[in-house]
Amino acid sequence: MNEAQHMQQLPPATDDEATRYRLGLARLAQVDGLAGERVIAALQEVAPALARYTITFPFGEVYQDEVLTLKEREIATVAALAALGNATPQLKVHLHGALNVGCSREEVIAILTQMAVYAGFPAAINGVLAAKEVFAERDAG
Amino acid sequence: MNEAQHMQQLPPATDDEATRYRLGLARLAQVDGLAGERVIAALQEVAPALARYTITFPFGEVYQDEVLTLKEREIATVAALAALGNATPQLKVHLHGALNVGCSREEVIAILTQMAVYAGFPAAINGVLAAKEVFAERDAG
Amino acid sequence: MNEAQHMQQLPPATDDEATRYRLGLARLAQVDGLAGERVIAALQEVAPALARYTITFPFGEVYQDEVLTLKEREIATVAALAALGNATPQLKVHLHGALNVGCSREEVIAILTQMAVYAGFPAAINGVLAAKEVFAERDAG
Amino acid sequence: MNEAQHMQQLPPATDDEATRYRLGLARLAQVDGLAGERVIAALQEVAPALARYTITFPFGEVYQDEVLTLKEREIATVAALAALGNATPQLKVHLHGALNVGCSREEVIAILTQMAVYAGFPAAINGVLAAKEVFAERDAG
Amino acid sequence: MNEAQHMQQLPPATDDEATRYRLGLARLAQVDGLAGERVIAALQEVAPALARYTITFPFGEVYQDEVLTLKEREIATVAALAALGNATPQLKVHLHGALNVGCSREEVIAILTQMAVYAGFPAAINGVLAAKEVFAERDAG
Amino acid sequence: MNEAQHMQQLPPATDDEATRYRLGLARLAQVDGLAGERVIAALQEVAPALARYTITFPFGEVYQDEVLTLKEREIATVAALAALGNATPQLKVHLHGALNVGCSREEVIAILTQMAVYAGFPAAINGVLAAKEVFAERDAG
């Protein structure tokens, strides 16, 4: 496949950098709220490119696609992060995210419990303990 | 917490082994269809306990809980298996599962694409290539 | 393979829910002791199904099978959790478990050291540091 | 941190979609050559968004940054993929990539051998066996 | 801690390279048999240092320590490799190893089944399918 | 391949245990500095064999090979540990190591940022946050 063939399949180049950034920032705020903003702020000074990519790629591109609802996206993300088991801070951000976009606490717990089957009981248990902290943060907040 | 305290919280012991097995087998057939049955058959002779557990625990217990729809459960499972990236046969079984319980092909691809963000591009790409095989099997079937 | 064929291979349905729960709780106490009970207590309120499954499946079913000794089971579990490297709390519970069912401290350290070969030096080193904490807890206890 | 503050830190919005796509395609060809193009072609029909992202994000953005040489980037990528151990097709693409941008075969083998320390002997051995296939492909090609 | 302090704790320098190599080769043959020798042969030409390290470090050092029996070591290795799930060739080598040093087939299956608890059902199922192949190789051999 | 054939390929047995230990200790000090020494000290009492292996194998053997520069080795190690995402203490040691052997802070951040592509954004973000701590330690030191 040559470049010309690829370019024909290209979507119209309307989404320049600034647009993706603006859309991504709005989606990040909608999904992850304050927890997401804190991550960006923590990255900004030391790794500005990664801070920008985090806004423009996941939220400015992937999460703009409306084939899945935001609730379905957060079910997928919570499941994946709990299964991987090595990214607790991000799991907590997306547990907030799942609750922000319409998951109930019971649904969140059911997703994490299901991970006992696919990633083992430690993954499920550590996911539930992270959720417990998130629930407490929201009750305190 | 002592045993007596635990036992008070016990649900009524109506689900004996045979009931869980029967319910699990039905749920497995509903979700994973022929692909699921083949896994059980492959395990049966060499690891009969694991074959039985696969029916009674994931499908006879976890998937009986109706807090999540089966579509939501399969979104979570496909996301987790694609993110882990080390269980392609099971990912293919659950890609069939997701399509069996109401996900469209576009939705399945969107879940896998989203894994580029949380588990990296190789996980997403290998997930999509597995989905391509599953789609071809279904078109051929 | 149809349901009828499966059902013929079914073990007698003597282990109802309450039996598995009772057996599982005893085995959990035998292996993991206080550390195991704390995990169940932490899960109980927020994820009661997962708390129950943790008793009835791993300890009420898998650990009831006497093909392996409890010492052999804990060698396997400590090795697996150290190799995965993403479940330190569970590794610590099962380091207690290994010592509770007859492993010496030297044997535990040898298992963790061996993981340098199969999962890399970081996995082995972090496993040993977790063991060091467990040894200190037991010396203090 | 509010949107206005972020936007002030925004780089000039010169890199629109088409530019990133064009730059990414050139970089992909430079690094991964034919092996990279085959991946894009395989994704194109079933997952067009992922095919596009693979060009625009890793190669159109990350690999455009010249803080690291391409050789250094491929050392990092080969090390990471060998350590993860669950993405052999991508490892092979990037073993070609490393050789394309200036690594010798001895250097590639040294990177993979070093992974025995950080990810265990199986990761290193499987990496070397993948390299052996890549070397044979290049000798045959 | 300075170098002098370390050197005081040094074991007597009796195990030179050639001794470790000779002891390692014997231990490798004892545990992994023909399957282990094939791995070394496959590495020898392309990665001679890794081939040598595989003999001198795991088998010439770690497996020389007699705190654990060889059966206990293979229980640990099979558990770890099945849990990691990304090193099927090495898992098969060590399933042969476990059987060579005294594990029964039932014990091997019990270890793999137990991994359903700690690493998820896919890890256990794929481990059992690998064992099935190993059993067939031995029956054919 | 029989033992005799292997032995012919054996390098001259000049590197006895004491030599490897001495060379390894010097290399460890050169790369990881104080952070590396602290790891050894922490292991010494509880797991003396692992403490010794950490010096003699990674640093006394693997890092003695001069096919790669120390800077290239540390690029590989930082990439691998960030991608694995389950060994933060070792990642921090080797972030110090990378800076000690000639990587700039910008280069280190670029390696970690690149891991967003191969291991996902959480791996990259957690790597950058670890680097931020390492930078602060060095500024404070």
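First chain written, first letter: the chains are A, B, C, D, E and F, and each begins at residue 1.
In this section, a residue touches a chain if its C-beta (ideal position, glycine included) is under 8 Å from a C-beta of that chain, and two chains touch if they have at least 3 such contacts.
The model shown is predicted, which means the values in this text are computed figures rather than measured ones.
Student: Chains in contact with chain B and with chain F: which ones?
Tutor: Intersection of chain B and chain F contact lists gives A, C, D, E.
Student: Among all the other chains, which ones are in touch with both chain D and chain E?
Tutor: Chains touching both chain D and chain E: A, B, C, F.
Student: When chain A touches chain C, do the two copies use mostly the same residue numbers, with over half shared, or different ones?
Tutor: Different-residue interface.
Student: Angle of the rotation mapping chain C onto its copy chain E, from a C-alpha fit, rounded to a multiple of 5 degrees, please.
Tutor: About 180 degrees, rounded to the nearest 5.
Student: Look at all chain centres (mean of CA atoms) and spot the one farthest from the centre of chain C.
Tutor: Ranked by distance of C-alpha centres from chain C, the top chain is D.
Student: Relative to chain B, which chain's C-alpha centre is the most remote?
Tutor: Of all the other chains, the one whose centre lies farthest from chain B is F.
Student: Among B-F, D-E or C-E, find the interface that matches B-E: by residue number, over half of the contact pairs should be common to both.
Tutor: Repeated interface of B-E: D-E.
Student: Hey, how far is the Cα centre of chain C from the one of chain F, in Å?
Tutor: 32
Student: Find the geometric centre of each of chain A and chain D from their Cα atoms only, then give the gap between the two centres in Å, rounded to an integer.
Tutor: Here the centre of chain D sits 23 Å away from the centre of chain A.
Student: Specify, in ascending order, the residues of chain F that touch 2 or more different other chains.
Tutor: 49, 53, 57-58, 62, 65, 81, 83-87, 90, 109-110, 113, 115-123
Student: Flag every residue of chain D that touches chain C in the complex, lowest number first.
Tutor: The touching residues are 83, 115-123.
Student: List the residues on chain E that touch chain B in their complex, please.
Tutor: Against chain B, the touching part of chain E is residues 84-86, 109, 112-113, 116, 120-126, 128-129, 131-132, 135.
Student: Which of the residues in chain D come into contact with chain F in the complex?
Tutor: Per the stated touch rule, the residues are 57-58, 62, 65, 67-68, 72-73, 75-84, 87, 90, 104, 106-107, 109-111, 113-119.
Student: Hey, which residues of chain F end up touching chain C in the complex?
Tutor: It comes out as residues 39, 42-43, 46-47, 49-50, 53-54, 58, 81, 84-87, 89-90.
Student: Mind pulling up the chain F residues that touch chain E in the complex?
Tutor: The contact residues of chain F facing chain E are 1, 3, 6-7, 9-11, 13-19, 21-22, 25, 37, 40-41, 44, 48-49, 52-53, 55, 57, 61-62, 65.
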